[in-house]
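Shared chain: chain A. Partners: chain B in the first complex, chain C in the second.
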Partner chain A sequence: MTRRKKAVILTAAASIFAASLASVAEFKVEGAPKAAIILFGPKNDGGWSQAFEEARPALEKALGAKIPMVEKVSEDSASISPPVERFIQRGYNIIIGTAFGYSDTFKKLSESYPKIAFLNASGITNGPNLESFYGRTYQSQYLCGMAAAAASKTGKLGFVAANPLPVVNWTINAYELGARTINPDATLTVVFTGSWNDPVKERAAASALIDEGIDVIGQHVDTPTPQIVAQERGVYGTGHHRDLTEFAPKATQCSSVWTWAKFLAPEIEKIKAGSWEPAPYGAFPGIKEGGTDIACCGPAVSADNKKKIMAARQSIIDGNPVFTGPLKDRDGKERLAANVAITDPELWTMDWFVPGVISQK
Partner chain B sequence: MRDDVSDATRRASPIDTAGNAVIAKAHAAGRQRRFGQISIEVRRSASFPLRLFALAAALVTGLGLSAFALILVGVPAESLADEFVSATILDPMNFKAVLVQAAPLILVGLAAAMAFRVRFWNLGIEGQMIFGGVGATLVSLLHLGPEWARLPLMGLAAVTCGALWASIPALLKLRLSVNEIISTLLLNYVAYYVLLHLLYGAWKDEDGFPHSPAYAASELLPNLDSGVSVSLVLAGGMTLLMTYLVARSRAGFYMRFVSANPGVARALGLPVANMVLFVVLVSGSLAALAGFVVSSGQEGRLTQSFFPGYGVSGVLIGFLARNNPVAAAVVALLMSVLVIAGQNLQVFYGIPPSMVQLIQAVVVMSVAASDFLVIHRVHWIRYRA
Partner chain C sequence: MTTFFVTWLATIPQLAVPYALAALGLILSERAGVLNLTAEGLMLVGALASVAVLLTFRPDPLVAMMAGMLAAAAVSVLFSFLVIVLRVNQVIAGLVIVFFCQGLTSLLGNLFGWTSKAFSGLGPVSLGVLADIPVIGPILFRQDVIVYLMIPIVFGVSYLLQRTRLGLRLRAVGESPEAADAMGVSVSMTRFLAVTAGSALVGLAGAYIAVANVKVWIDDMTSGRGWIAIALVIFARWNPWRAAAGALLFGSIQAVIPKLAAAGIVLPQYLLMTTPYLATLGVMIWVSIRHLNGPSDEPGALGQPYVREERR
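And then the complex of A and B:
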């Protein structure tokens, strides 16, 4: 046996040993648990960031201490690391991030600080002390799609979306699938703005959709602009992030909302109790576990349809997977065979659309 | 012939140590305006100690006003000095964060300062940064060259792409008189959409998310043994190079001439257009280097959000430094102290981010205002009966 081979085997053995150690050793923070939130936007942005600010009181109760936050931390490591390290320096040991763009930096930080618990919303990195989490928004948006079809007179629905990413694509597909349970002929015309936060383009997109004769506008962008335009033009809409009736009380019929407190409070309890085990591929809570839910329904949705929506919500909680076979995409390709439910990896790579979705390629 | 002209002008006009556009000032020197009993006169030249004193006084004023505002919103007075001075500069971890922040800020500050020296208002720093990141990433994706040469090649590609991108508004201005304030600003959007096109298309990571694949270990700007990052060394080196270019080289002298009076410069046979083009390419290259430093030194891949904010910061630094490279480096360092100190305040006193921006604005405005007092002499005129 050459020396080199031996070395390889030794390294392999050592790494297996290390891995078994890592899985046995339970994660425990040192000292009293102290949590801090690193917020992507301003805490009153009316959407994504504000949803965390609104979850904070419940989290403070779960933790039994105040949870400070830093706002407007943009997605580059020179902006992320300093506040996180400042918190750690002063004894904070639970750091909650709120952006996809924090993923790499949180991974690096979690390796430099193995005794600190890191959680990151919409992140894509995980580790022994790092857990990314995101809500199963396709569940809530499926229900909002039902509400949209119920409110629509023309059956022509519109959607203002940010970027054609899997998380956005599944929202769009679920929305259309939901709509078709109410109106089998419903179509969904989608405009991608290319930005999460661009009120000007969102306004242009929503206006163009309404000019096409669309009478309900769904959205997966960060500002309430599409709802505001819907209200100005006398049509309906469905919101995202938070209950957007705050901005368009007449237009908004349903909103997909984040319920972070319901997911994060038990996570904090577990970290406190020393029984926290980060999900190896990230946490992906649905309506049942508390990542997402709906605020429904407005007066344009009839009582009968509202009953249907609430029954569908219960069925999702009971385990209905929303995406289930037989399911073909809009080009006729079979995506799910009969009675096969979609898997999480298939969700996270979704780059196809269901029949009825009209969008640029 | 040209040398004779420059020598003659050198003797005729006082060239100050900072290498500022003295010809312009000499032109205006002695001009007076009266406001009642106050007379304001443009100084012939401002001494170095006077400049230093004005800067120090401005910082004290700005920080004093900020401290007052912070005490009003409930920050304990005794911990203020602690947060600003000891926690930011004396704490090694914080100081490291300041230096990390400073390297790209120095580079964009230099980029602005250089362009402003030939009256080219380069508001396209962010677009040039994007192309710097794109150039560097191209080398990484194609695995160009051997591993040891990868980083220099990435830097070179970044500079080339940034300079090419900057050449568009430069040529538009020189050939077609297109206003560069508009063209550079709007080209930022074009650059951003090129970036998105790459990150959502050909350069998308295997994991399906819109950022480039991570750079290999040999493609990351390392730290020296002393803990200082190569990024900072690069920024420091560029500061010295630009200082030489501005203060010692013939190009620097031409730049002053072009800045003071392009018409006369052209009439005397100076290569005005080439001079402007050269300086804009240098400016674009510096901005592109900033993009490279952020991508390779901090992010470890090309992301969608490595550049926002640097454009405005660069212009501000260039303006406050009065286009002097060394001053730009100092101002960039002070800016990063302000940023990090601002974050500390937010972290520990729950000061809203708008308050932090207010403080930064007050300090910056104090420094800008002090400049007025350096350039002008204010007299109080007493009337005799």
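And then the complex of A and C:
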């Protein structure tokens, strides 16, 4: 090794060291860490917002202090900024948001308050003191798809979803891929309601699916209505957000549930220790890191199939991807070559469906 | 294919009834000259009140729905006070009532834990052998009692407006309050009664969504159906029968969208979802062209507060 090369390597190493020092030194909350949660919906909405409310006790334990929260903060700057700034004035220095629509306001706030740590669920903005996070819902929905196929007698599964966005499309695709590991002929018919919270449309969608002979209804909408309809009509279903057996004890066989405490508690510990570094493109935890998990299984899933589902869960935790090649979409176009796993950017732009998914374009 | 049409036609009434009831309620109020934008809010009040009564006292679902009507009528007294007594701008008062009701119902629903609690609600009327007739059985004879009551309700509202002395007074107050006043009709009292009765129907529309259709209370569950009812009144040109027909049109479009998807018929998703709105636009243009040179049908004093002896 020449002197010159050595010098280059040394300089590079030094600069990396300096950079890592800088980024560690860059962010540390002032004073004792105090956290507050800004909830998008009511704390007992039975879904998305309640999942955060239920994570709160564990987070309080991790922090060693009470974590106050405000409910029903809608997705506009005029609603978000006042409660956040009030918390900051009262000495709170970790602000946890819970909505996609908070993204821009949180970005601005994080720039105005560089000493405050901001975390935002389902957001899309990040920064030196701002981290958006979302769970790998396709992992848990893959397992629920297995449960759905196990519970189905007809092999015809249905799904009530809000809008064909990438986060919804990956749920649908994973559900069908999971279902086909149990029943290779399983099909998944999807009805999009165009709304996250319209029980009238959700009931119409679930009823229409059941009228077509579908006997398990999965869902990616915010209300438990599809499960309630499934129970009423004597078929099965799988839930989203939380364990929906609470609303449809006979119907719901599996639910994809948020496990935010598992992800946020270590994040809070890191902020406390001064070693927190927001992921530059946001955090994307899976079952292993505490994004989502499953509440499984109901009595319609046989013990044998339950064993298969739990084995698949372990395999996902061990790092085996849900979306892996060779994988073609339903139009026959190759999406993943053999032995190639899907990348995060590919997930976030997913606008195609796997074979067996029947839906509108 | 037969199943598709049978199940489609069978689901239309449930989706059409709320629009029809709310539109009829608004027609009563607007024919008396009070522009009523409160529907979205009062539907929520009707929905929550009926669910509250149902979950608390477990009465007959119809009794719970009556409670919803009463609650909406009670809240409408506040609206009447604002627009008839205080003569506040009717558009602003209407919007204020909607926001007030949205906040209030969501708060109470959460406070008392009525959110997302399923109940059995109002089921279909049992009509014995009639319900088992193929094709027409499921379409005509497996509906709930409110669906069957819609015919007398539409007829009743139409008869009241066109054939009774009370209806004549109501319309006079809406067309020309000065003339009605000069004839000895109490403008304020007539308007108050029209708004209250109309609001009870709007409340029933909300109660129907909660108790007969969805069978659960969820925040903001009317999802804009009150606003659609307001548009429906305009395109029905304040006529009860046309409003009922419009409600059926809306109901059938809303019923067919998930049906098509469930049957695996592949169509462009977003285009399909805009069809109810395209239909509204289309019908409105058609009706406007037909009435281009005729009378506008709009009540003459709609939206104007009445002040005796005031020059206009």
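Operating definition for what follows: the second predicted complex is superposed on the first by the 335 of 361 C-alpha atoms of A that agree within 3 Å, B and C clash if a C-alpha of one lies under 4 Å from a C-alpha of the other, contacts with A are read in each partner's own complex, and residues count from 1 in each chain.
Going forward, a residue touches a chain if its C-beta (ideal position, glycine included) is under 8 Å from a C-beta of that chain, and two chains touch if they have at least 3 such contacts.
Since we're looking at a predicted model, the values are computed, not measured.
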>> For the combined arrangement obtained by superposing on chain A, do chain B and chain C clash, or do they fit?
In response: clash
> Where does A:Pro164 make contact in the superposed view: on chain B (first), on chain C (second), on both, or on neither?
Replying inline: both
>> With both complexes overlaid on chain A, does A:Ser81 touch chain B (first), chain C (second), both or neither?
In response: first
> Regarding the shared-chain residue A:Ala295, is it in contact with chain B (first), chain C (second), both, or neither?
Replying inline: neither
>> For A:Asp198 in the superposed arrangement: first (chain B), second (chain C), both or neither?
In response: second
> Is A:Arg90 in contact with chain B, with chain C, with both, or with neither (first, second, both, neither)?
Replying inline: first
> Is the number of chain A residues in contact higher for chain B or for chain C?
Replying inline: C
> Does chain B (first) or chain C (second) touch A:Leu143, or do both, or does neither?
Replying inline: neither
>> Output check: A:Pro42 vs chain B and chain C. Expected answer is one of first, second, both, neither. What do you get?
In response: both
>> After the superposition on A, what does A:Lys72 contact: first (chain B), second (chain C), both or neither?
In response: both
> Quick one: which of 9-17, 45-53, 207-215 or 225-233 on chain C sits on top of chain B after the fit?
Replying inline: 225-233
> Of the residues on chain A, which ones does chain B touch that chain C also touches?
Replying inline: 42, 72, 164, 194
> Which chain A residues qualify as touching chain B in the complex?
Replying inline: 36, 42, 68, 70-72, 74-78, 81-83, 85-87, 89-90, 100-101, 104, 124, 163-166, 194, 348-349, 351
> If you look only at chain B, which of its residues touch chain A in the complex?
Replying inline: 93-94, 97, 100-101, 104, 193, 196, 200, 207-210, 214, 294, 298-301, 303-306, 308-309, 340, 343-344, 346-348, 350, 352-353
> Can you list the residues on chain A that touch chain C in the complex?
Replying inline: 41-46, 72, 158, 164, 189-195, 197-201, 203-205, 207-209, 211-212, 214, 223-225, 228, 231-232, 247-248, 358-361
> Where on chain C is chain A touching in the complex?
Replying inline: 3, 7, 11, 15, 106, 110, 113, 115-118, 209, 213-216, 218-221, 223, 225, 254-255, 257-269, 272-273
